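What follows is a pair of complexes built around chain A, which joins chain B in one and chain C in the other.
Up next, the complex of A and B:
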C-alpha cells in the first residue's frame, strides 16, 4: 500500500517503469508462446485450405474446402473418430477408477507409505515411447509373458499378439495407457483427499456413520470438483495423446487402432501431406472446443439448479 | 480409530498387488536385457533366466549409436530444463506478485496452450524451422520443447512463489533494494526446492518427447533417444536383448529425476493439473 501512495508523487518515467515491470518479467514466456505456438497454430489453420505437400515444391495454392470435402468421404477418418471415442472413454474410465482406489489406499497411514507411494507412481516417470515399446514386448508371444498367460487362463487358443488381432488390438495401447496414467489420477485425487479436514470424519464416526456412509457423505462431495476437472482435462489430453499408438501399432492393423491424433501425425509424417493433416487437425480442434464448451455449459446449468 | 485386522491385511495386500502391477513391466524389461541370446527363446516366459549376462549392455554402449543418442537427448533435455526454469521462474514470479491488467489474459493464453492438440503444430512447425536451418538440429528441438513446457512450468513456479510470504521482499525493498535484487537474493534461494521440481518435470517431459523429434530429426547425427530407439527397433527388430538394454538405459535419467521430484509430485501436479 505504501508503494502505491508513493507512486502518485513519482515522475512519469518512474511510473512507466513500474507499470511495465510485470510485462518485463513475463515477456520471455509470452514471446516464446506466441512465436513457437500461436504463429504455427495460425499457419496450420491456413494450411487446412491450401495444397501443401512436402514433396511438391509447386504446391501451396489455396484449394478452398477441398480437403474438407475429401474428409467427409474419408473412411479412415470416420474409423479414427470412432476409435478416438473408444480409446479416450476406456482409458479415462479405467484410469479414474483405479486411480481413485489407489488414492484411497495410499491415504491410509501405514509403515513404509512413502516408499510404497514412490513405487506406485513410478510408471508415470517412464517415457511414453518406452512405455509403448515395453507393452508391445509384453504382448509379443516370442519375448513377452502375456500371450502365454492368456493361453493358460483359457482366454486364447495359441499364444499370439493381441496387437495384430483387429478385434483386440485397441486393448494393447489402452492397457499401456492405463498402466502409465493411473498415477496421474492417484496423485491428483490423493492431494484432494489430504485436504479434507480430519475432524469431519471423527464427528461423523461419533454420530454413528459407518465407513460407507462417511465415504458417500464426506469424501465424495469433497472430491467432486477435483474429479470433474481432472476428468475433463484428462479427456482432452488423452484424446490428443498419440505416442503409444504410433509406437505400438502405428494405427494398424487395418486402421483399427488409428485415432484422430495419430492419423494427423501419420498424414504429416509418412504421407507428408501437410494440407490434409492440417484440415484433420482443424476438425479435431473444433470438436475439442465443442466438448469443452459443452462441459462449461453443463456445469453452469448444474450450478444454477444447485 | 481402531482398525479391523482383516481390513488391514486386505489393505496391505491391495497395495502389494498394485506395486507388482506397476513394477512388472519394468522388471520384464530388465529381465530380458540381462538374458543371454541363446536363452532368449528357450526360456521365454521364465521369471528369471538361468544365466545372466551384460553382453547386450556392452554391445549397446560400445558398438551402437546409442551413446550419441543419449548425449543428444541429454543436451536437449538439460538445455530445455534450464532455459524453461529461468523463463518460468521470472514469469511465475510476476503472476504471483503483481496485480496488473493483462494478468487474466496471460493466464488464459497459457491455459489455452495446454488444451489444444500439439500434434496440429507438427506440419507448420516443420515448414517454419526448415528454412531457418533448425530441422535436424538440436537447437531447433530445444526451442520447440522450451516453448511447449513454459506454460506448465510457469504455473508450477507461481504456486511455489505463492507459498512464500510477501513481507520478505517488501522488507528488502523498504531497505532500498530494487524488486529484482529482492527477487534474486531473497525469494529465489527460498524457492530452490520448487526450482529443482520444475527442472525435474521439464527434463522428464523433454526426455520423453517423441512425435516432434520424429518429424524434425532425420538421420542419426541429431537423433534423440526415442528417435534412435525407434529406428533401431524397425531395423533390427529381432535384437530384443539389445533393444531392452537400450530401453533400461533410457529409463535411468527419467527415474533419477523422478526420485528427485517425487516429494513434490502432489504439490506440483495439483498446481498445474493440466499436463501429464
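Up next, the complex of A and C:
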C-alpha cells in the first residue's frame, strides 16, 4: 500500500523516464527503419502525385491523379504490363522446372556430389549485368556460338541475333534469367528435399509405390509449402528485375521486351520524369501486393493441411 | 503367411563386412526376434529381407520364392518402422489404405479392411485424424494397422517400441504378442532390448558383430547360453562372469577362483586340468543366506532395492558379483551374509574362445 501511494507521488520527470524507457531502448532500430525504409517509401509514393521532372526545375507541384489518368491511356504501359506477365511467367516456370529437376538430381547419392552441388550454384554468384552481357554476346551472330548452333539444328535459316527479332527478342533475356535463377530454386528445393525423412520413401516402397507415385504422394506434399514461398519470392523479384532487359535489349526492338520495371527505369532515368515513373511503380507495387497476399494464403492452407 | 529362408546371406559396404553369412530358417507363423547391441547387423538383415538393402551374396526366400532381385513391393511383406514413417499429410484411414489403393483393391474391400483393422487396434474414433494429432502409442498402432490391412506374407518390425516410454512399451508389447496370436503371421522383430526379445519371441536370434551367436527359444538362451556374449546379453541384471581355473578333483570338476576358493562343478569337463575358464552365474542363482548358514562369508557392499527384491553387491572372493535376493532382511549395507553356488546353475565357458562347455556324460 505504501509503495502504491509512493508511486503516485513520484515527480513528473521520473514518470516520463519510466514511460519512455522501452521507446528509448528500441529507438536505434526504430530510427533506422524509419530513415531507411519509411522515408524513401513515403517520398516515392508522394512523387506519384507530384509533377517532378528533372528537366523542369520549377515543377514539383501537386497534380493529384493526373499521372494515373495518363497511365490509364498509356499504350506503352499496357504493352509493358502484358510483357511483364509473359516475362515473369515464362522465367519463373522454366526456372522452377529446371531447378526442381536439378535439386532431385543433386539429392541422389553419387560420386563427386559436393563438387557438382557447388558448381551448379555458381551462376547465382555471377552479377546480373555480367550475365546480361554474356548472354547478349552468346546470341550475337558475329562473336557468339548460339545463332550458328540454331542454324545447324535447322531452327534458323541464317545466323542472326534473336534479340533483334521482334517475335523472339523476349526469349533472349528469359534464357539469361533462367540460367541465372535456376540455382535459387535448386538450393531451396534441395534443402527441403533433404528434410524429408528417408523412411517415408521406404515405407511407400514397401506399400507398393513406384518412383512416380512416391514423388507424387511424398515429395510433392512435402515440397509444396517451399514451392509456394519460393515461387512467390521469385515472381515478385523477377517482375521487378530490369537489369537483364536493360543490358540485353534495352526494351527493344519496338518495346517488344519492355517490362514495367524497365519502363519505370526508362521513364525515370532516360526521360527524367520521376513523377510519372513513381506512379507506374505504385501500380506495380499494388499488383504485387495483391499477388503476394494470394500466395501467402495458399501457403497457409498448404501448411495447415500438412 | 509364409516361411522365410535365409541362406548364407552376406552384406558388405565396400570392403566393410557388416553381415558375415547368416543362415536362418523361419517357420510359417513363427515369431522370431533378432536381438543384439547396436551395430550388430540385425537391422541390416531385416532391411535385406524387406528389400531396402541389397544382398551382397547368399539367398533370401519368402514362401519358397527367391526374392533377392525383387522390389520391396513385390515381396509381399509389411514393415513397421521405429519412426512409424506415417504419411503426415494423410489421415489415419488414408495411411492404412494407401497400399491397398496402390494395388487397386475395390473400394468396399478397402473400407472393410480399414474398419476391421481400426477395430482390432482401437483406432475406430481416430480414422479421420492426421498423425500429427495422435499420441506416440496411437501412431504406433496406425503403423501396425497399415501393416495388417494388407495381410502380407510376413511382418517385419524394426525396433517399433523404441520411441515409446517404458509403460507404453510394456502395453504395446502385449498388444503385439496378442496380435500375433490372433493373426498367426510370420513375424521378424528387431530390438536391442533383451526383455522385449524374451517376452515376444518364439525363437530368438542373438547377433553380435554381424555373426549369429545363438538361435533358440527364449528359455534356451537364458538357461543354456552358447557363449559369453549371449550369456552377458540375455538377462537383467546381467550374469556374473568369474575368471577361474579348471581343476579335476576326485573325478569331478571344480573351478578354482581368486584366493584359492574352489567351486564344485556339475561334473567333469572335456578339458585338461589347469585350463582357464570363465564361470557364469546369474544373480538370481547366487544363494544368499544369513551368516552362519554355511558357505562363503562376505559383506554386502551395496544394495539396490527393486521392490520385488534386492540386488546385492558382494565380493566373496575379492571379485565383485551381484546377487538377487527376495529376502529384504538381508539387504542392508555392511551386513554379513553367506553365499553358496548350486553346481547345476554354474555355466562354464572356455576363456580362449568364450564357448560354452557342458559336463561329459
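The working rule: the second predicted complex is superposed on the first by the 262 of 306 C-alpha atoms of A that agree within 3 Å, B and C clash if a C-alpha of one lies under 4 Å from a C-alpha of the other, contacts with A are read in each partner's own complex, and residues count from 1 in each chain.
Following the convention adopted for this analysis, a contact is a pair of C-beta atoms (placed from the backbone, for glycine too) under 8 Å apart; a residue touches a chain by one contact, two chains touch by 3 or more.
Note that the coordinates shown come from a computational prediction; the quantities given were computed from them, not determined experimentally.
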item	value
Simultaneous placement of chain C and chain B on chain A, clash or fit	fit
Partner chain(s) touched by A:206 [first = chain B, second = chain C, both, neither]	second
Chain A: partner with more touched residues, chain B or chain C	B
Which of chain B and chain C A:167 touches, first, second, both or neither	neither
Contacts of A:188 with chain B and chain C, given as first, second, both or neither	first
Touching partner for A:217 - first (chain B), second (chain C), both, neither	second
First (chain B), second (chain C), both or neither touched by A:157	neither
Contacts of A:265 with chain B and chain C, given as first, second, both or neither	first
First, second, both or neither for A:35, with chain B first and chain C second	first
Chain C versus chain B - closest C-alpha approach in the superposed model, Å	5
Set intersection of chain A contacts, chain C complex versus chain B complex	205
Chain A-touching residues of chain B, taken from the complex the two chains share	1, 11-12, 14-15, 18-19, 21-23, 25-26, 28-29, 32, 40-41, 44-45, 87-88, 90-91, 93-95, 98, 100, 102-103, 106, 109-110, 113-128, 143-144, 146-148, 150-151, 154, 173, 179, 204, 207-208, 210-211, 214-215, 226, 229-230, 233, 240, 243-244, 247, 250-251, 254-255, 257-259, 262, 265-267, 269-270, 273-276
Residues of chain A that touch chain B when the two form their complex	3, 19, 21-23, 25-26, 28-30, 32-33, 35-37, 39-41, 43-44, 47, 52, 54, 101-102, 105-106, 108, 110, 116-131, 133-135, 137-138, 142-145, 148, 179, 181, 183-184, 187-188, 190-192, 194, 205, 229-230, 233, 236-237, 240, 242-243, 246-247, 261, 264-265, 268-269, 274, 277-278, 281-282, 284-285, 288, 292
Residue ranges of chain A touching chain C (in the complex, touch as defined)	197, 199-200, 202-210, 213, 217-218, 221-222, 305-306
Complex interface listing, chain C residues touching chain A	50-52, 71-73, 77-79, 81, 83, 85, 87-89, 98-99, 102-103, 146
